[in-house]
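Multiple structures are listed underneath, in structure tokens.
Two complexes follow with chain A in common, the first pairing it with chain B and the second with chain C.
Coming up: the complex of A and B.
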């Protein structure tokens, strides 16, 4: 069963922070409902991009993701947790993390456990790579804050790690203050970012 | 786990979050299979039925197109998909089409998108009968130009099965 918390997102149309719900522990129904709305919207936008001649390199890099498939893979596995942020009765962001089997790479904390963010995505209508005017902002910040909270709750000091999609590299580096450990050949040459205990505390401040 | 994300904290993040791209994760869907603790045996189970499902998907598109008397180019235009991808779908056994292509074909064929996504290998089917029906359907079709009676019947039965669930 999901645990819920009140969070906020910025409605970019009004400029106001509006109340949203953070779900800790997404169920199959919520994941399928999210993808049932996300996927057709994304497909329509991709069609428009194609018609406009937008080069494929500029298309959203996670366009093949299907969160239902991700859910099927991890259902029942205790080391994985899926979070969602809902606002105006629609899922605005999803995140899948693991709390086991990953260790820090930054030399000062090498080998220590961390919470690893496997996948994180905002709803397609919230992304500037997909729409001219994204609907809500702060989805990423809310989810990264949540990953750090989980890391604290798991007593691993707020340390988190993730492999960024190239379009988001600068946000994790500058926006979140994470350490860039460079491209990881073991993970499709995606950049690996990690947060120390101190960086996590700074992010939460 | 409860969290305490305040309005004041979010207001401080207004500038960095404005127009931010935030996605992280593997480019491919299947990388979770390489993670520790993941059940490799479970991942390989059902791979035969997954292959047969993709064969069935290609044959479904092929037979439906031929039943309608459409050339490949005509179906590609009607469904607003790449002709090259349509050729791959009909002719390449282990080809997995893009989800958008499957969605477009589902609209044209009038079949549930979810079922076709499962059949095409884009998502995992929870219903074991889909794989079994796909194997039976794939085995019953031939490659002559016009549908013979047996192909016609196989197509009608498989379409009915996909539409019923």
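Coming up: the complex of A and C.
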């Protein structure tokens, strides 16, 4: 059963912060409900992008992610935690992390445990790359904040790591202040980013 | 999340290893054991699914299968 807490997103239209609910431990019903809304919206937007002749390189690189499948893979496994941010009765973002089996790579903290972010995505209507007027911002920040909080609760000091899709590289580097450790041939040559204790503290400030 | 308490009986050797690991990883013994349980459950589930667990040397790419009893 998921635990809920209050977080805040920014309504891009009004510029105001609005109350949202953070779900810790998403259940099947919640994941299926999110995917049932996200997928048709995304498919419709992709069709529009195709019709407008938008090059595929500009399409969201995570468009193939299927959160139901991901949930099926990790259901019942303690090492994985799925989080969601809900606002106006719709899931605005999802994140899947693992709290075991991953170790730091930055030399100063090499071998230390961390929280690894497997997948993080905002709802398609929040993506500036596919809609003219995205609904909410801060979704990614709220979820990274959540990963850091979890890392602290698990006594791994706020250290987190992730492999980024190229479209998100600059956000993790500049927006989150994570260290870029370069392309990882073991994970589809995606860039690996890691956050130290100090960087986590800075992010939370 | 509600937590339950249990008493754990360990040999001196096991306790020494637990203390060394918790110091090295800068975690409490409880946090370390909880993490170990999660990892063990994940490995067990993958093995039950017919997968194998390997360690690979970064430089030589030499692989060794990990036996899990």
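Here is the rule we use: the second predicted complex is superposed on the first by the 205 of 205 C-alpha atoms of A that agree within 3 Å, B and C clash if a C-alpha of one lies under 4 Å from a C-alpha of the other, contacts with A are read in each partner's own complex, and residues count from 1 in each chain.
As a convention for this text, a contact is a pair of C-beta atoms (placed from the backbone, for glycine too) under 8 Å apart; a residue touches a chain by one contact, two chains touch by 3 or more.
Source: prediction; values computed, not measured.
Trainee: Spot which of chain B and chain C makes contact with more residues of chain A, would you?
Mentor: Of the two chains, more chain A residues are contacted by B.
Trainee: Determine, under the contact definition given at the top, whether A:135 touches first (chain B), second (chain C), both, or neither.
Mentor: neither
Trainee: Determine, under the contact definition given at the top, whether A:156 touches first (chain B), second (chain C), both, or neither.
Mentor: The answer is second: A:156 touches chain C but not chain B.
Trainee: What is the contact status of A:99 with respect to chain B (first) and chain C (second): first, second, both, or neither?
Mentor: second
Trainee: Mind working out whether A:112 is in touch with chain B, chain C, both or neither, as first, second, both or neither?
Mentor: second
Trainee: For A:69, decide between first (touching chain B), second (touching chain C), both and neither.
Mentor: Only chain B; A:69 stays clear of chain C.
Trainee: After superposition on the shared chain, which partner residues are touched by A:77: those of chain B (first), chain C (second), both, or neither?
Mentor: In the superposed model, A:77 contacts both chain B and chain C.
Trainee: Quick one: is A:3 in contact with chain B, with chain C, with both, or with neither? Answer first, second, both or neither.
Mentor: Both partners.
Trainee: Both chain B and chain C contact which residues of chain A?
Mentor: 3, 77, 79, 100-101
Trainee: Would you tell me which residues of chain A are touching chain C in their complex?
Mentor: 3, 76-80, 99-101, 112-113, 154-157
Trainee: Could you pull out which chain C residues touch chain A in their complex?
Mentor: By the definition above, chain C touches chain A via 1, 25-28, 31, 35-39, 41-42, 45.
Trainee: Touching residues of chain B toward chain A in the complex: what are they?
Mentor: Touch list, chain B to chain A: 1-5, 7, 9-11, 13-14, 16-29, 31-33, 35-38, 80, 98-100, 103-104, 117, 122-124, 126.
Trainee: Contact residues on chain A for chain B in the complex?
Mentor: Listed in rising order, the residues of chain A that touch chain B are 3, 5, 7-8, 10, 17, 22, 24, 39-40, 42-43, 46-47, 60-62, 64-66, 68-70, 72-74, 77, 79, 93, 96, 98, 100-101, 117-122, 127-129, 134, 137-143, 145-146, 149-150, 153, 162-165, 167-168, 171-172, 174-175, 187-188, 190, 193, 204.
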